[in-house]
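Report on the structure given below.
Chains: A, B, C and D, in written order; residue numbering restarts at 1 for each.
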Amino acid sequence: METKSNNWEPRIVAFFCNWCTYTAADLAGVSRMKYAPNIRVIRLMCSGRLDPQYVMMAFAKGADGVLIGGCHPGDCHYVEGNYKTLRRVTLLERMLHDLGLEKERFRLEWISASEGDKVKKVVNEMVEQVRALGPLDMPGRFADWDKEMEELEAHVNHSQKEIPAHVH
Amino acid sequence: MNEPTKTQPRIGVYICHCGTNIAGVVDCKAVAETAAQYPNVVVSRDYKYMCSDPGQALIQQDIKEHKLDRIVVSSCSPLLHEHTFRGACEKGGLNPYCFQMVNIREHDSWVHEKGAAATDKAKDLTRAAVSRVAHHKPLETKTTPIHPDVMIVGGGIAGIQAALTLANAGQHVYLVEREPTIGGYMAKFDKTFPTLDCAACILTPKMSAVGAHPNITLWTYSEVAKVDGFVGNYKVVVKRKPRYIIEDLCVGCNECVTACVFKEGKFEDEFNMGLSKRKPVYMPFPQATPPIVLIDPETCINVKTGKCKKTCVEACGDRQAIDFTQKAEMKEVQVGTIILATGFQPFDAKRIPQYGYGIYPNVYTSLEIERLVNASGPTEGHVVLRDGKTKPKSVGIVHCVGSRDNKTHRWCSRVCCMYSMKLAHLIKHHTDAEVFNFYIDIRAPGKGYEEFYEKLQEEGVHFIRGRVAEVTDWQMSKEEEGKLVIRVEDTLAGFVRRIPVDMVVLAVGLEPHADSQDVRRQFNISCSTEGWFLERHPKLAPVNTFTDGIFIAGACQGPKDIPDTVAQAGAAAAEALSLIKAGSIELEPNTAFVVAEECSGCKTCIPMCPYTAISRDDVKKVAVINEALCKGCGTCVAACPSGAIKQNLFDDDEITSEIEAILAK
Amino acid sequence: MKFSYFPGCSLKGSGRAYEESLLPVLSALGVELEELDDWNCCGATAYMAVSDAAGYVLAARNLALAEQKKQDLVAPCSGCYLVLNKCQHYAAEYPDVATRVQETLKRDNLTYKGTTKVRHPLDILVNDIGLDAIKKRVTNPLKGFKIAPYYGCQIIRPYATFDDQHNPVTMDKLFKALGAEVVTYPLKTRCCGGSLTGTVTEVGQNMSYILLREAMRRGANVLATTCPLCQFNLDAYQGDISSDYHESVKMPIVYFTQLMGLAFGLPAEKIGLQRCIVPMDLKPAAALAK
Amino acid sequence: MSTKPKIGFYWCASCGGCEESVVDLAEDVLMVVGAVDIVFWPCAMDFKKADVEAMPDKSIVATLLNGAIRSSEQEEMAHLLRRKSQVLIAYGSCAHTGGVPGLANQFTREQIMKYVYEDAPTMVNDKKTRPQTHFKEDGRETELPQLRNVVRALDQVVDVDYYIPGCPPTPKLLKDAVLALLSGKLPPKGSVLAPNIAVCQQCKRNDSKPQDISLTEFKRPHQIIADPEKCLLAQGLPCLGPATRGGCDAVCIQGNMPCTGCFGPVDNVHDHGAKILSYLASTAAGKEQKDITKTLAGIPDPVGTFYRYGLAKCVLRGKVS
């Protein structure tokens, strides 16, 4: 498994709003800023579209960190979508903490369309913080937990020979 | 049309090299080969320039040949070319929304080093798009009509130029200006660089053309109070402040000004940068447009106390143009497009106390000097010291005050080198003084600009390279007695110099208006970190903003000189005109809708919408989304506790399949 | 009002007039200063130049001691004020400095969380106590005093926590409240010569000369300072300067707290005025009247 | 031999309330007993595992299994009953989504064992003896069940055909399910046998809910005397009705208690807790971080509140340790 090898690299899934943070990431590109290649951006029209389920799902599917990027408070292209994001993220942060995830694995940043350098800074920072924490590897953990079930499954379904239905 | 089937999508994947922009970092061939293995992929290719005609033709041909029903293009940012490729899909006979774009340039090759990591990223992102696009549904393109009227905010040279261009093309324009007159900063200038033609001679005809144009509604002394709506259908409320003068009745005879109980001007004249005094009733300057007076409520005795002989009313006589009962008036208009030309404000020189502005009387800002050298200015063009009579024998012009300075503003204000040289020429011409320019670099990159710099050197104007440390009056020698001393490191000569002068001119930079953040929020556009309005693309869409139908022109977008401002104003007018002439604009169909059978009527979504697009059907007891009002942010979709709200192009199955596939290994 | 107090070496040595005037003046205004128990060298500029790491640890130890007291720390000497501030900023901004500091402090069973606020007496006088309260305490208005307010460098640069970096005015306001006249003194933040006076004497003394000469030219009869090193440089070499520049230079150099003490009616010898090398006229109004 | 359809009931990790709920059918229980042949119901009748093992595969028409899967014994029985049944129904919250036992996934097995056998204040166990899985006395060996790493919902162990939600399911749901089984008119495999619409739709207080409630404070049921007519959420109680599958006739709310989510999510929701979180946070007011934090502090235990019945089915399956 790759996550256990020495060349493990953190995988960060990012959800960026179209108008500010996604555009800022474009600006970072146009300005040829270099940052860590560990991030995969999913574009949403507004950070308010971010359903907390997506964050949970990203972790469950193997993300080591999740980054949310939206417009600064008061700057939302859709007036106040980012306030809704802030409310959801505030509660989600607490819940993820209660579920045992280190706080560095989940981050909300307000990055305006002009802050290409902030994209670079935040991504690099987060990749390093997550790297220091090591792999989260939820799929691997699930597989480890479920290994215990192989034995009985085989025992009940395969060791006994099939008993045919009687015809009366 | 190849309608996508539910059972087995047929996907085409195209990896763009973008010359070497992508291919120089990402192994495009490898990405295409890997993508060929992804589920449902029928065709996977890499190509040099996907956005080129042959690139687009490739997609169209494959759609027909391989019966493709979904397309993925991995190239640049969707903000740049999504529209292009959607068009290619449509031309190929496919619904344009059965398309997904992957950004492997701005988000990958341009920000990462060449190597496996960048290629892996391109593969992951492409895999996610392939997985996502399988869930895309064909959608109908929606359009909205464009109201033909235009609002222009700001009546400086940018606003004037844009207004005239549009009005001459037959469009109705509302020009809103905060000050009592249009003209902006240009109206204060004597000459313009590098041609030294008279600013008033070229500006005032345009100002009066605006005032007289049948297609222009000019509202000065007015501010935008509220903006609602969207491209094509903006509803703007303008607050017209009371000027206590009935505009239609005033003929600008100035008799009320003469008759005012104040025999002499007593209050700082804004137009002359406080270098002269005005009365409470005044006309900003002789060529003001509209050419009418106003009464300043802050200084007029009658407005403040109601106890005045009102000699002005008497002087106006039968015309009865003065109306002290005037109140602020709200005007609401419908426009389809808006051009913001709100300009800049000069840097406040007091922020750099070591330059002595406000401490030493004979330290001036460049705008004050513009008024001093102006024949219609407070001294009728005589350059004299603050005492009102002494001609300076030596003048120092300090460049980059509030520019190229980490402590104040990092940007170059672009105009100061040139206007400083213009002022140096004019001061020398008016006074024959020794003029010293203290500069970091001379930036003269315009037509005839470098030649102007040479001309100045020939005229004997001194240029000393070095940022000035301080302007002070402490003395080291007799010859400094009574003078201002400019301390500077002369970086060409390599030593610190003390240059005594009679007058110091601070070449203040340009900065965004103090309220630029409020203004851009009002119009829902973005700002750069510094506060300049942000263009949609620095090269390809310099007057567009991220909000459709709102354009920017002039120095509100960043410091620029008059030629650039006028060019940009023309461009903004042309962009607005192009929308108007098209009659309508395509909207993203990414609206949300409620699946009524799954809605429990819990009302969670209703307050989520900032556009009041969601209401409750009280008979069926379910939520209903008005598609015309929905702008597609998806906040209600995320909030819906039963997943009963869906969103076109950003639905749960589309996003979750993207998450899963982006992490698949 | 109660603060922790970090005197540093100067206020116990060459700058003792500063402490002798500061303590009674603050006490007269109801401010209690509690000298930090077991304080050590602030880390000072010279130490920083030799080993910045050791410098930060020295400063941080004082900050850590003050942190335990949970009250703001007053550092009257400009050098101490700067170094303590600098240590605080660097520990907050640079993890390696913070780690180094924490690890070393641990050996002394100390920790430093970064919460100590370092304050200058001028800041406390004008912003905490207020000019009105000071005015009320004045029994002997400084009539006839024409003061050149001299701030020096370290209390406003690079950390301008309570005044403008280029045009500070706190002392100006204070002296006006004491009833004195404040002369316009554009050199108020220019270098006094600093340690150059001891190393490259002619350069250092030239800098002092410029300051003294301009103060005289502006009609000042006293120059007020906030820094023990400035006080020493400007006060001690006026004889040398006069002979080197063939110009009679004579300007009393006092701490701002000494002028306050005088205005509060405290006897001259109780506020260290007898320690001035260039003596100050205690009744300049009479001299002016003549 | 009876030709009536053979039905089985089994009880895994649960409180037993589901078994009681069968009796809640009241007189209808006679209809059920008359219509079917109960071949396995250890709680009520004497059956042995060997009896089941002896049955032909797929010979039971339907087994209603309640309770989560926590031990190896439960796991084995799940496999066995799956093999013997044509239709396997996860009955009640625990089998459906892990139920309250699923909250144990906030701790590792070792943490639980250590607490129960060493740290609990009522425990005296100086030798720190732990339960054994092998036991030998008088030459006889006995195998005892093991505690599994995590609590699982039934479908995390075996293939499940239908789900009857609820803690416990209401008599109506059970009756409808039995009638559907008898008539053979079954919905697609994998369906939850309750309406795919949230509780609010059946809630009589729905009309009383204002359109925008923007809560600045969340309250807990013991803190207020709730108005019995008005929407509980509007009164500050975090009622999970909007995010929870209906079919219960909003019984808890009729009893003036907020919905706690026992029916699990509707079909469109992947992760019940995350969706509850999204919806509840959306009803909170405030634009400043400190105000928002303060308001949301009124929900002191997000995991326990949002995953009260479904932590095993949370996409993260429990606490990451």
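Everything that follows uses one rule, which is that contacts are C-beta pairs under 8 Å (C-beta built on N, C-alpha and C of every residue); 3 or more make two chains touch, one makes a residue touch a chain.
Note that the coordinates shown come from a computational prediction; the quantities given were computed from them, not determined experimentally.
Novice: Tell me which chain's centre, taken as the mean of its C-alpha atoms, is farthest from chain B.
Specialist: D
Novice: Does B-D or B-C have the larger number of C-beta pairs in contact?
Specialist: When B-C is set beside B-D, the one with more contacts is B-D.
Novice: So what's the Cα centroid distance for chain A and chain C, whole Å?
Specialist: Going by mean C-alpha positions, chain A sits 54 Å from chain C.
Novice: What whole-number Å value describes the gap between the mean CA coordinates of chain B and chain C?
Specialist: Centre separation, chain B to chain C: 48 Å.
Novice: Report the inter-chain centroid distance for chain C and chain D in whole angstrom, where each centroid is the mean of the CA atoms.
Specialist: 72
Novice: Scan chain D for residues touching two or more other chains and write them down.
Specialist: In chain D, the residues touching two or more other chains are 269-270, 275, 278, 282.
Novice: Can you list the chain A residues in contact with two or more other chains?
Specialist: Counting only residues that touch two or more other chains, chain A contributes 51-53, 57, 80, 84, 88.
Novice: For chain C, what residues touch not just one other chain but two or more?
Specialist: As it turns out, chain C has no residue touching two or more other chains.
Novice: Pairs of chains that touch, anyone?
Specialist: So the chains that touch one another pair up as A-B, A-D, B-C, B-D.
Novice: In their complex, what parts of chain A are in touch with chain B?
Specialist: It is residues 2, 9, 11, 13, 18-20, 22-23, 25-26, 28-30, 32-35, 37-38, 40-46, 48-54, 57-58, 61-63, 74-75, 77-81, 84, 88, 112-115, 120 of chain A that touch chain B.
Novice: Using the touch definition up top, name the residues of chain A that touch chain D in the complex.
Specialist: 51-53, 55-57, 59-60, 73, 80, 83-84, 86-88, 90-92, 94-95, 98-101, 136, 138, 141-142, 145, 148-149, 152-153, 155-157, 160, 162-166, 168
Novice: Looking at the complex, which residues from chain B come into contact with chain A?
Specialist: Within the complex, chain B touches chain A at residues 77-79, 103, 105-108, 110-113, 117-118, 120-121, 124-125, 128, 521, 524, 526-529, 534, 538, 546-547, 590, 608, 610-611, 631-635, 637-639, 647, 650, 652, 655-656, 658-660, 662-665.
Novice: Would you mind writing out the residues of chain B in touch with chain C in their complex?
Specialist: So the residues of chain B in touch with chain C come to 352-354, 359, 470, 472-476.
Novice: What residues of chain D sit close enough to touch chain A in their complex?
Specialist: Contacts found on chain D: 1, 53-59, 72, 75-76, 79-80, 83, 106, 148-150, 157, 269-271, 273-275, 277-278, 280-282, 284, 286-287, 289, 292-293, 296, 299, 301-303, 306, 314-321.
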